[in-house]
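Chain lettering (A, B, C, D and E) follows the sequence in which the chains are written, and residue indices restart at 1 in each chain.
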Amino acid sequence: MNQGWIQHRLGNLDLQVRWEAAPSEILVLFGPSGAGKTTILRAIAGLLQPQAGHIEVGGRPVFDSAQRLSLPPERRRVGYVPQSYALFPHLTVRQNVAYGLTGLPQREVEERVASLLTVFGLTGLAERSPRNLSGGEAQRTALARALAPQPQLLLLDEPFAALDAELRRALRRELRTHVAERQAPTILVTHDREEAIALGHSLIVLDRGRQVAEGPPLSLLTRPSTATVARLFGIENVYRLRVLARHPREGTMEAAPESKDLRLVLPLGDAPEGSWLTAGVPATEVLVASQEPQGLSAQNLLPGVTAVIEESPPHIRVTLDCGVPVVALVTPRAVERLGLAVGQRAWAVIKASSFSLLAE
Amino acid sequence: MNQGWIQHRLGNLDLQVRWEAAPSEILVLFGPSGAGKTTILRAIAGLLQPQAGHIEVGGRPVFDSAQRLSLPPERRRVGYVPQSYALFPHLTVRQNVAYGLTGLPQREVEERVASLLTVFGLTGLAERSPRNLSGGEAQRTALARALAPQPQLLLLDEPFAALDAELRRALRRELRTHVAERQAPTILVTHDREEAIALGHSLIVLDRGRQVAEGPPLSLLTRPSTATVARLFGIENVYRLRVLARHPREGTMEAAPESKDLRLVLPLGDAPEGSWLTAGVPATEVLVASQEPQGLSAQNLLPGVTAVIEESPPHIRVTLDCGVPVVALVTPRAVERLGLAVGQRAWAVIKASSFSLLAE
Amino acid sequence: ACAPDSGASSSQLAPSRTLTVFAASSLTEALVEVKSAFEESHPDVRISLQFAGTPTLRLQIEEGAQADLFLSADESNMSALRNSGLAEGTPAVLVTNGLVVIASKAGPVRALPDLARPGLRLALALSSVPVGHYSRTALAALGQDPSLAPDFERRVLANVVTEEPNVRQVVGKVRLGDIDAAFVYRSDLAATGPDVRAILIPAEYNVVATYLVAVMERAREPELARQLLGFLQGDRAQSIFQRYGFGAFPS
Amino acid sequence: MKPLPLTPWSLLGNAPAILYLLFIGIPFVALFLRAIALGGLGESLSDPLVLRSLLLSLVTSLISMGIVVIGGTPLAYALARSRFLGHRLVDALVELPLVLPPVVAGLAMLMAFGRQSPLGRAMEEVGIVLPFTTAAVVFSQIFVSAPFYIRAARLGFQAVDATYEDLSRTLGRSPWDTFRRISLPLALPSLLGGLALAWARALSEFGATLMFAGNFPGVTQTMPLAILSALESDLSNALALAVILTIVSVALLGAIAFLSARRERIGL
Amino acid sequence: MKPLPLTPWSLLGNAPAILYLLFIGIPFVALFLRAIALGGLGESLSDPLVLRSLLLSLVTSLISMGIVVIGGTPLAYALARSRFLGHRLVDALVELPLVLPPVVAGLAMLMAFGRQSPLGRAMEEVGIVLPFTTAAVVFSQIFVSAPFYIRAARLGFQAVDATYEDLSRTLGRSPWDTFRRISLPLALPSLLGGLALAWARALSEFGATLMFAGNFPGVTQTMPLAILSALESDLSNALALAVILTIVSVALLGAIAFLSARRERIGL
């Protein structure tokens, strides 16, 4: 088992986090810039002594502030890909990758390095100096170097940030295979929602040093439990609403934003009438209509004016002003078909069940 | 006008590119790792002398190999954000941002720096050393530093790679405003398709040093003209097909992959019967059916078996084996409703008009 | 060379005993020849010579340098060693020496009165080393010479641009032509060469420098050292010294 | 961030450190003890001749260091960055003065700038006389100490990532601005380190000085020459002077070390 | 990548370069010309005593450099990386030997390890006598040259980004491996630069040697002492020896420079 917790103060960051990653699991640390993701990896790798904490790698304690235990990095058996790669500038790509392979016969080293170079598309660059690599090539070298000694725990700090979509997909597949085959769990830092969900078996959402949510990524995405998480995950429409009426028989309730002539129908929650709550809906769940929609089952039909149309591939992001801004993601074809244009009247169509009630 | 062309050999890279960026335009250089994107920016900034070329910034030639002209970087009035940030390690964040502000009264410098720090969310970090910044904070500092002297041309090398979605969106907006207000064009390097399309007024697609396509991003996306571009842009399904029959009256033709018992209906093209062509269809345009579909207008109904189901937020990526692999992007809800599972029979549904004919 | 080894002729016989001799550097050339002569007659003996300014040698001996014989260019350093019990018995007089003025042939100094011409560059040895002390004594005496200008001594001293810790450096600088003239030992004339002219100092104003020699208390080969001391005072050695410009020791 | 406690290294580092400390510490202790035992420290301190030598040493070494820094810094930068004509030659020549025993260096200078050389005669005709003047002291110090500064500065400049300089240029800063605000501060620890070495070397210089400048109180007799002169007569005085020179030099070096430590603290 | 042609700097760099070249070049030219004019080069080269001095210089300086590198490297690394007890003190002491005129340094060693000191007497009792032996030559060379190496090495190690060392540790390499395979090669140009300075200094050392080791042919008479001795009698011989020493030293320094140039070419 790989698990632990740490507490550390650094500048204005007050980091408090607890994690757990089963073998052959990828644990994703997700959070905005400056959340403390890199700091956690450094602590696990042994490059930073947290003020308090307990860290286990492969079931073996490597750090414990209470017992004053702190194994040096080389005895923790972790592989670390730092955000800045830190390739050894005096070694070639091949020598960088081979660096962690100690105590192996020369032939085996060569074989392993050759196969890693192939996997990471670096074969032609084997004798290059890291100075003469492109950003993506450097990142791949750093990944290959960390994987080479087959560590018990892999720590990856945004390992695909400098790669194009195709390479990224290929290397994600590679990483998944590696983790599954070697039963070696990975802690992966990313700020990319897609990556978090595509790769993570479980996910920790960090914000300013605090663990604001955790769990399997898809459930976190579809049922985000706090406004912070919702915002981080791109639930673009988040509203602060007052409950006007509860309809327990229909399983809905009505709520409205402050001082706005607008009623929203939400799934029934616990909030009593007159209380405030926060509700959110992802932009993908909002439909746009150019004529007043007729005979639709959706309960929220909000009239408004098209305020912004912008590309957000593979979609178009349409923002309607319905008293409150409502963001919808629609297909380019739909925009064309409906003849959407800025300034035109339009309706936002939202099913009541599409709303998430965000506990606040 | 900002335009130019260069030719340069570097290692195994043979770079040949020509560009043009109107004032208040963002030109995107898009391409896979190692395509030569960074090399182009360095040449424009004056940090690398291309073997041949002509470069104009704001209508003024800054480099011309024929005339042996090469202005030093400081006289080119470009702002450059390198992929590795290169923040001055001996200066604070504030001093880094203020570095390019020469010849201005002290008060104005302070005001400009303060406003940039606010825009980039760096106010609390003003007196920090770059050593103690997180990756995203460093990237923002580098951006602010490049923007400060209000250059005539902005060169950004993956400027948002280390930022979370929210910050990225905010800074993209900021960049657009800056470009529009100051009439200062920007050349932006990215490998992120979404970013290319969201920001680019025009786009150059590079692959291994060569310019494989150029034009407005949306038209490139929807009508990619070569297989390389299609792949780069994530037209996930690309097939090499032989034309079997042409049906000019219906505006379609039939084609099949080699040695596969499979017929595809494509929009009519120029290719004569018996010739080979390449056709592609984006995964978003492929529907999946769990029962044999009846009474549908779509012309391609390909029976197959579900081979892979993977998350690709906000979608699920389903790969069917229909003789050839067919990738479809469907909503999580649809997967749930259809009860899709690996190994099950399933049908891929593709409208003939969804196919793009990729000239080869 | 600086201190040639014993000749090839004597090298078949492995020397079994070594004598270490510390000697004032003005004795260099003469002593090297004397050494060969002694080694010729004592094939089993090897003499190791250490040349330096007399005060330095004394300091080194005081700090523990192992020497068998010490040849001092003056009396005060020798008596200091005797007082601290490092020298054996009463030091013997070895040779005497006198002073001479040497001048660069390319320079303007041809006779003693020229030394007082303003704008010259003269060198003296440091007053703390024997030759420097003697030079000043001689200069003061010359000041009494009625044939020279009344403030001769003052004007000569005003022309001094450097006070060298070692007489050999004084000679070298005159040879190089950068110093016009200087007071040196008569024995130094042997090392001057053709670019230098010698201007004699009348005997009545000259000094008699006495070189002393003593066997050291901590000598490893006291017996041999005494033999060498005898040899130094003998005719063969003395004639060599005389050839190098030293005066005979007044026996 | 809290650095890793490099325990094995601190220990391994300590053994040579302690040995070296002992090796150089013992002679200094001996020197100081003997100087105190012999007395004469107070006397020497109030001797106007000693003060003149001290002053001369300080002034000449200050001038030498000024020239070395002003001339050596751009030279070191050029050696580190550009490949100008004769680059390799200069690079090799820079260290040449070190291989000559200082006395021979002084002799060489005397032969080069003295009356016997055409150059020296030409200079004398326009009224410039170098040998046996205070200027010759400065020349001697520069000759023997400049290589230390230039070599350290060159290594320091070489260690500065050229990316920073490139970036400074794109931000509209001239090469000079870039040099002054980026390369120089980034290389400063090395420059100060080299300066300390060179200064120490200049302060202790006597061989070349004696040969080329002579030894005349108030004009060319620096502290080392004063010590040397005293050594020929009065050990206690010599030791007292040596102690004074040591203390003054340590104060100077301490000031330089303090400067570089401050730079390190602010994050270099 | 093709570096920027730093034209203004190449020019500005050239002016001090040319001045410096002239300043140090002219004395050397004068030295060589005079040596050739006076003749005696061939004679000196075949003089067995000269060869003995040369050999002694090479052997002792080689031993000194061995000790300086073996002892100084970990010390420099410790000074650069860890903050052990007395770190500041050692840091200041490292340069101390430089401030003493070498003759005084030799005197201090004589007073420390000579018969007059309790330490010297204790050593003599167990049969170790230092003064006026070849070992004293080595001691003298180490004393005066070690600071150059240690200071340069320390600056070199300091310039190595600790991130590389950290990363090496996470790749399972011990501190020692990390030192040997990361820190050492990255700091190598500085180490070699410092070694060149120290070696040049050791080869030209005579002040401390003369005082502490004396000037006995074959035992303690190194080349500089041979030159000094010759200078007192035979200028042509002295100049010939100086030329020989220069050529040999330049060959040694050239070898070191070649080594570091090769490292630079492979990408340091």
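Basically, a residue touches a chain if its C-beta (ideal position, glycine included) is under 8 Å from a C-beta of that chain, and two chains touch if they have at least 3 such contacts.
Remember, predicted model here, so these are calculated numbers, not experimental data.
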{"item": "Each chain counted as touching chain B and chain E at once", "value": "A, D"}
{"item": "Fraction-based call for chain B against chain A, same above half, different below", "value": "same"}
{"item": "Chain centre separation in whole Å, for chain C relative to chain B (CA means)", "value": "90"}
{"item": "Separation of chain C from chain D, taking each centre as the mean of its C-alpha atoms, in whole Å", "value": "36"}
{"item": "Length of the line joining the C-alpha centres of chain A and chain B, rounded to whole Å", "value": "21"}
{"item": "Where chain A and chain D are represented by their mean Cα positions, the distance between them in whole Å", "value": "57"}
{"item": "Of all residues in chain D, the ones touching two or more other chains", "value": "1, 4, 107, 111, 166, 169, 175, 228, 231"}
{"item": "Touching two or more other chains - residue numbers and ranges from chain B", "value": "46-47, 72-73, 84, 132"}
{"item": "Per-residue overlap in chain C, given as positions that touch at least 2 other chains", "value": "56, 59, 169, 172, 176"}
{"item": "Residues of chain C defined as touching chain E within the complex", "value": "1-5, 20, 25, 28-29, 48, 50-52, 56, 59-60, 62-66, 166, 168-169, 172, 175-176, 191, 193"}
{"item": "Residues of chain D that touch chain B when the two form their complex", "value": "1, 161, 163-164, 166-175, 177, 181-182, 185-186, 266-268"}
{"item": "Complex contact set, residues of chain D against chain C", "value": "107, 110-111, 114-116, 131-132, 210-211, 213-217, 219-221, 228-235"}
{"item": "Residue numbers on chain A that touch chain E, as the complex places them", "value": "45-47, 72-74, 76-80, 82, 84, 86, 88-90, 99-100, 102, 129, 131-132, 145-146, 149"}
{"item": "Residues of chain E defined as touching chain D within the complex", "value": "3-6, 8-10, 12-17, 19-21, 23-31, 34, 70-72, 74-75, 77-79, 81-82, 84-86, 89-105, 107-109, 111-113, 117, 119, 142-143, 146-148, 150-152, 154-156, 158-159, 162, 166, 169, 175-176, 179, 189-190, 193, 196-197, 200-201, 203-207, 223-224, 227-228, 231, 238-239, 242, 245-246, 249-250, 253-254, 257"}
